[in-house]
Structures are given as C-alpha cells and as structure tokens.
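As written, the chain order gives the labels A, B, C and D, with residue 1 at the start of each chain.
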Amino acid sequence: MLDKNGIARRIAREVKDGYYVNLGIGIPTLVANFVRDDIEVEFQSENGVLGMGPFPWEGEEDPDIINAGKQTITTLPGASFFDSSMSFAMIRGQHVDLTILGAMEVAENGDIANWKIPGKMVKGMGGAMDLVASAENIIVAMMHTNKAGASKLLERCTLPLTGVGCVKKIVTNLAVLEVGPEGFILLERAPGVSVAEIKAATAGRLHIPDEVPEMDL
Amino acid sequence: MIVKTVANAREALKGVSDSMTFMFGGFGLSGIPENAIAELVRLGVKDLTCISNNAGVDDFGLGLLLQQRQIRKMISSYVGENDEFERQMLSGELEVELTPQGTLAEKCRAAQAGIPAFYTPAGYGTEVAAGKETREYNGKMYVLEPAYEADFAFVKAWKGDEAGNLIFKGSARNFNPVMAGAAKVTVAEVEELLPAGALDPNQIHIPGIFVKRIFQGELYEKRIEQRTVRTRS
Amino acid sequence: MLDKNGIARRIAREVKDGYYVNLGIGIPTLVANFVRDDIEVEFQSENGVLGMGPFPWEGEEDPDIINAGKQTITTLPGASFFDSSMSFAMIRGQHVDLTILGAMEVAENGDIANWKIPGKMVKGMGGAMDLVASAENIIVAMMHTNKAGASKLLERCTLPLTGVGCVKKIVTNLAVLEVGPEGFILLERAPGVSVAEIKAATAGRLHIPDEVPEMDL
Amino acid sequence: MIVKTVANAREALKGVSDSMTFMFGGFGLSGIPENAIAELVRLGVKDLTCISNNAGVDDFGLGLLLQQRQIRKMISSYVGENDEFERQMLSGELEVELTPQGTLAEKCRAAQAGIPAFYTPAGYGTEVAAGKETREYNGKMYVLEPAYEADFAFVKAWKGDEAGNLIFKGSARNFNPVMAGAAKVTVAEVEELLPAGALDPNQIHIPGIFVKRIFQGELYEKRIEQRTVRTRS
C-alpha cells in the first residue's frame, strides 16, 4: 500500500518529456518532487505563472509571486507571467498537457466530484471545473477509500459533480486504474496489495485483466 | 494625451453608492486594490455585489468589507480562509454565487471586449450549468455564459502613468487586466505613478483607454497568505 | 459649399476633450489636422496603436510602427501598442468614444453602406463592420452626392450594408445632418448653400427645422 | 524548461502539406512571417486555405504564394493592393471569404482559448451574418461566430527565447499574438532568438506554451507599404 508520497511517485512516471503540467493542491503538489531529472517539464499555475520553480529562500519571498495555493514561489529561466484569461486560455485551449488533481469520488464513467459536500461549508471549485472540462489528460490522485472506509471509486458519483466523463486515469494508495468504456480497468497493484483487496475497495464496476502487475516505482 | 490622474482614493471612488456591483482584481491577497477597499470601508456603502475570485481573509482584503456587513452577494470561484464569510453565508446574510475560475475571468474579459456571451466547457453537466443553454461543438458539450455587468472595477497595478497605462508585476497581475474596462468606471491604483512617456509603449499590459481614474496608492501591506520557503542549511 | 478639408474642419468641432477617436481613411484622416489645440484627444488605430502622433521625420520611418492605412507613423507620450483582439476589445467594448468614417450611402434609418459595390472588385470591410456595429457615436464624412450627381443620403441603401441603424450624424460638403426617428434632420448649412439645394440633393426624408443656421467653422 | 528551438524554417515547417489551413500573422506587410512564407513557396504546397488579415502585395507577403497559385481560399478582412489577387478572384481560381477585422481576430483568439463560439455585433444585418444565428442582448443584436480551425499558425515576433516565449515590437504585434496557439502547430520566427532567462518573465507577450517550434529568421526585408514622412524644412 502506498502513502501520499508513493502515490505522487507513481504519478510522476506519467509525466512525459515536454509536458506542461497543472498540479492541484494536496497529493498532486507532491508530484513535482518525483519527476525525473532527465526530462523537461514546465508547471503551470492557474493564477498566471508558467515555469514555476521551488519555494524561495527564506527572506526572499515576494508577495507578488505566488502559486494557485497562494504559496510564495520562484520561477525558472523561461518562465512567464500572464493574466487569468490567458491562463485559462492555456487550460481551456488544451495547451496544458496534463492535469493532476485530487477527488472525493470518481465514477466508472469518468465523472468526478471534488468540490462540494452538501450541508458542509462550500469553499468553491476554483479552477477545477475548467481544468477537468478542458484537459485531454486528467489523472486523479486520491486514497482508494474515504476515512470511513467507503470506496471513492463508484458506479455513479453521489456528490455534486465537478465534471462529467473526463477522468482517464486514477492512482490511489492501492492501484492504478483506467476509465474504460465499461468501467474501471485495473492496470497495476500497489506493492503488497492483492487484486482481491482492490476489488473489495472498489464499488464501481472493475475489469480485472488476467495479468495485473505490481507497480514499478 | 488624456489625463486620468486623480489625487487619492477618495476622489477616485466618487460615484460609488449602495447596491452597486463592483469588480475587484486580485488572487488571494495578491494584487488586491488595498486602497480602494479601505476607502469603501470608510464610505460604508452597503448591499454590494462583489465580483472577485476570492473573498479575502477575516481581517484583510474583502474580509474588511465583510466585517462591516457591506456585502450582500459575492461572486467568486473560491472563498475559503474566512470564518466571518462562512458565518454570514451559513446564516443567510450573505448570498454566494460560485463560478469556475476560468469562466469568471472570461466573463470579465467578455464585458471588457463587448462580447455579450460565449461558450465554455467548464461546468457542463454540473449544477453550475443548471438552467443554462448548452450546445455541442465537435462532439464536446459547452455552456453559454454571459458577460458580467458591473458599476465599478477596482484594479491594482505595479506601475502606471498619467494616461492610465498599467503594468503589473508577477502573479499579482491575475484578474486585474481582465477587469480593467469591464465595468462602467474602472479605478486603478498603482504602487508607482509616473508621467506619460515614462513607460515603454511596447510593454504596457493595459492601455489607458480601459482606465477612467488612476491614483498613487499608499501604505501597501501586500500581506502574504502562505509563506513557503526553503531554509538554508 | 465645403471641400474635403472643410468637411474635416467641421467634424473636428464634434471632437470633445477626453475623446478616444478612431479615424477611417480618406476625409476622416484629415480631421486630426483641425482638432483644437486646447483639448486632449487620443487617436486609436485598429491595427494596435493608441496615442498616434504625426508622420515620422524623413529617415525615421519604422516598418514596425504603422497605422491602419499602412502608413508609417509615430506615437506620442502615453501611447501603447497591443494586439488585434485587444484593439477590437476597445472598439467592440465601446471604449472608443467616436468613430469617423466615410460612406458610399447612408439611409434615413441610419443604415450605412461603404464596403462593396456588386460587380466591382471587393477589397473588404477591414474594421468598418466592427466599428459601426459597436460605436455609440458615429459620424459619417462624405460628399452629399456621388460623382454622377446622385444623392448619397437615401430612403434605403441600395448597396450591401456595412451596418444597420448605426449612423448618428453626417457631415457633407453641403450640410450637417442628424439621423432622427423619422429620417434625416437638417442641422446646419455649409457656407453659401441654401436649404433648397440641400433638399434637392437629399433623396431620403428630410426634416427641415424653421431655423437652419450656417455652419460656424 | 521545454526547448522549442529548431534550426531553420525548413525544420520548422515539417508536416505542412497540400490542402491544409494556415494562419499568418501580420497587418499589411508589417509583422508578417517572411521566412515561413519563403519556405512555403519553396515547398510548393498547394490548395491552401489561408487565414490572414490581408493578402500581401503582388511581389511580397502572401502575394508570393498567390503568384505560385498555392492558395485556394483566402479568409481576410481586406485584400486590396494586389492585382494578381484580383485576377485570380475574378476568374474564380481563388475563393475569398471576407470577415470583419475584429471578428477575424476574435475567431483566432477563441481558437487559442478553447472557446468554440462567441457573439459579436459586427456584421449584424449585413451579408456577413447571412445564415448565422443572431440574438438580442440588452436591446442590441449580435451574431454567433465560431472559432477558426487551422493546421499551422505562422507568427513573427521581434524577440524570442528557446522556451518559445515571444515579444513583439510596435504595431507589428497585430494578429501574431492571437494566432499563437490557435492552430494545431504554431511556428514562430523571430528577429532575435535568445537563451531562456534573457527575457523578463513579466514582459512576455506570448508564453512559450502557445508555440510549438521557434527559429531565428533571416534576411528580413520588412517592406514599408506606405512610406509617409514629414520633411524637415
């Protein structure tokens, strides 16, 4: 079974040379730490930054240079700043190659819910609805089950949707799955996790191929 | 050259009144029009509709207007980090319209550009699209979104000149350029106000035609919301 | 009767302090020469210039700094350059206060035709359709009649339209006219021109007030 | 940093073929991609649909492609100043679609921004709106216009860097920024190609994400169409 860093490490392998990538908050942010050194990737932040670098050295924080999580950041050579409409032109216009974000629920038809729990304080969708509706290539990073132990991979989402039929791949603490025409397809098992455990933790339809290799991290 | 300079925030905000709709630039606390917000607190105008990506924190940004109960409705994409906001929202004092961030930006830009409506994929199939027209283009579904209408837009730039030309800095640019000219009156406050001719015409982010009044802001706090750093070993 | 410079001189009096103005080619271009020195006006060119100045000194022409007529120009302090979508954001978004352009025909309902003569080579509408459909304040500068002596102020346009119901004011070699709810309204006569001459040269409905002053140039 | 540099026009244009749709930046002869045009002439690809505000003059700009009869259809707002163009158009060899200039710019920008369609007032009630959907907003009529679709966009900038970032000069900016990223492949040629980090990230007009290939152009003629000057007395 993977921890959050393990999920991030596995997702980092999906990041290809030459990709522009948008990372959501939470586990997705960790992905940047595990991207191979020998490939070139640029991180886009929807508040108007392309080419994000690491956090600034102490004392060098600039209130005018932050990421979408409102954290102080730096930029790398080749970076650029732009306004919000151009930022979402990049996202909506499918210039960003890969979006990695968290979710509360994913359905076997690719629907995703990650912004609202009825009855609880709703903070808003931020850029998530634009990202999921636009990106060709969306990977969800999340735990396979919620804190109560219930599956987050469902037949249909029960929470208000963020987007419909948009998720292509899911990496959880237990498995890597693809969204196929007839439900989830189990691609890989986390180290030490059995197919039976994954099956038990998945509420939606799950297609299990004859061979389900363990993740190569 | 048409001069847009006014003496201060008080002069720049002439004409604001109760029940108006305002746009505020900024993302989180970065690039927010601090002087305009302070003046609105001083003026005490109320029943406001505010279009702003975020709603500030309890004691800064639009949180200052929330404290004074001056806002009736917020149109935002993300409103976390604000307890007073949550209290007013749950008690029903405050109406909240949540809009996807890219749609919010484009609805401002549409207002600026005289485009009454456009199609976007964001929110299709979700409650955001409820009651809205949808249409298929190339096998994908889109939602029709109208431009915003607002009385004043308050934007904050790094440098500006007497002609109203604006240059922003870093990611403090964010929503400011798309709101300039998107309301009936656009008020720009700047950290440094320069004479016309001091800025390279090739490097202006927002031409003065989109700005009605410009003033030299003062006492910028520029608070950092999430101070993240690397520590030297 | 006015010559082209006279028409431009009269239109210049419609240009108010603080106006952003877009000038079409032909007579409108001449208007810039007659704007009062004691008011501040900025000229917008739809290819992406605000704050146009005079032509450059000989030897200082820059192929990268031209106006919409493709002429080499200069800029004044406070000028800015921008792309074509932002230029038409200024126009479509009604940030430009006044548009002055030529016409082949104007109708009593404010329709304008100025881009196409069927059977002749059509060069295109350029920015004219955007300008007339967007501007709140459009002044047409033209001769009252065409080369064959036929009126250009008609009941209905006969040529393909550039825009509908958009012209507010017309300044010709004979008169200043407004487009009212029931046709043209004669506001001023050119020096030495009689109301009868104007009436004879106007094919559309013409409302003639009791007093029609001579232009004050 | 993702490197977009290619050696020359030949490499930059890999993949172009007959019957494709291309976008060309430039207004008149100002800011046109001279190197890309020259390479298209050399390649001899034909039956092209070209989206460009203008069509060049007889012996320069897109006029060079017209001379070789490589263009089947032009989508432009203004096509004067070109006798060969007129001959081909009147003889029916060349199809011409005339579009209002602001609509042309916005249809490019819509393609860049993933907006499939938008409403504009331009052309309402004229033959440009024939067969198109129209709608009233606030008492004014608008026409629904779809985004363009193109295979390649050829843009020309003043300075660029290895990451594909672009800075334009003066009014040579025009349609270049709105076409960058509006086609499947965007090729940028620049007068000066610099290493990444040489350009101020705050002053970049078009971020490299919109550019697929960038190369150092050569032998720019930058012809002036209307040389207007003041003479010193």
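Note that a residue touches a chain if its C-beta (ideal position, glycine included) is under 8 Å from a C-beta of that chain, and two chains touch if they have at least 3 such contacts.
What you see is a predicted model; the values in this text were computed from it and never measured.
Counting steps between touching chains, the shortest path from chain A to chain C takes 2.
Farthest from chain B, judged by the mean position of CA atoms in each chain, is C. The mean-CA centres of chain A and chain B are about 28 angstrom from one another, to the nearest whole unit.
Distance from the chain B centre to the chain D centre is 32 Å, each centre being the mean of its Cα atoms. Once the centre of each chain is set as its mean CA position, chain A and chain D turn out to be 36 Å apart. The multi-chain contact residues of chain A, meaning those touching 2 or more other chains, are 81-82, 85, 88, 91-92, 134.
Of all residues in chain D, those that touch two or more other chains are 106, 109, 113-115, 120-121, 168-170, 201-202.
By the contact rule set out at the top, the touching chain pairs are A-B, A-D, B-C, B-D, C-D. By the touch criterion stated above, chain B contacts chain C in their complex at residues 1-3, 109, 111-115, 161-163, 165, 181, 195-197, 201-202, 204, 207-210.
Residues of chain A that touch chain D in their complex: 18-20, 40-42, 44, 50-51, 75-82, 85-86, 88-96, 134. Residues 45-49, 54-73, 81-85, 87-88, 91-92, 111, 121-130, 133-134, 160-165 of chain C are the ones touching chain D in the complex. Across the complex, chain D is touched by residues 106, 110, 113-121, 135, 137-138, 140, 142, 146, 167-170, 201-203 of chain B. Note for the complex: chain B touches chain A at residues 27-31, 53, 76-80, 86, 89-90, 96, 98, 100-106, 108-109, 120-128, 158, 168-178, 205, 222-232.
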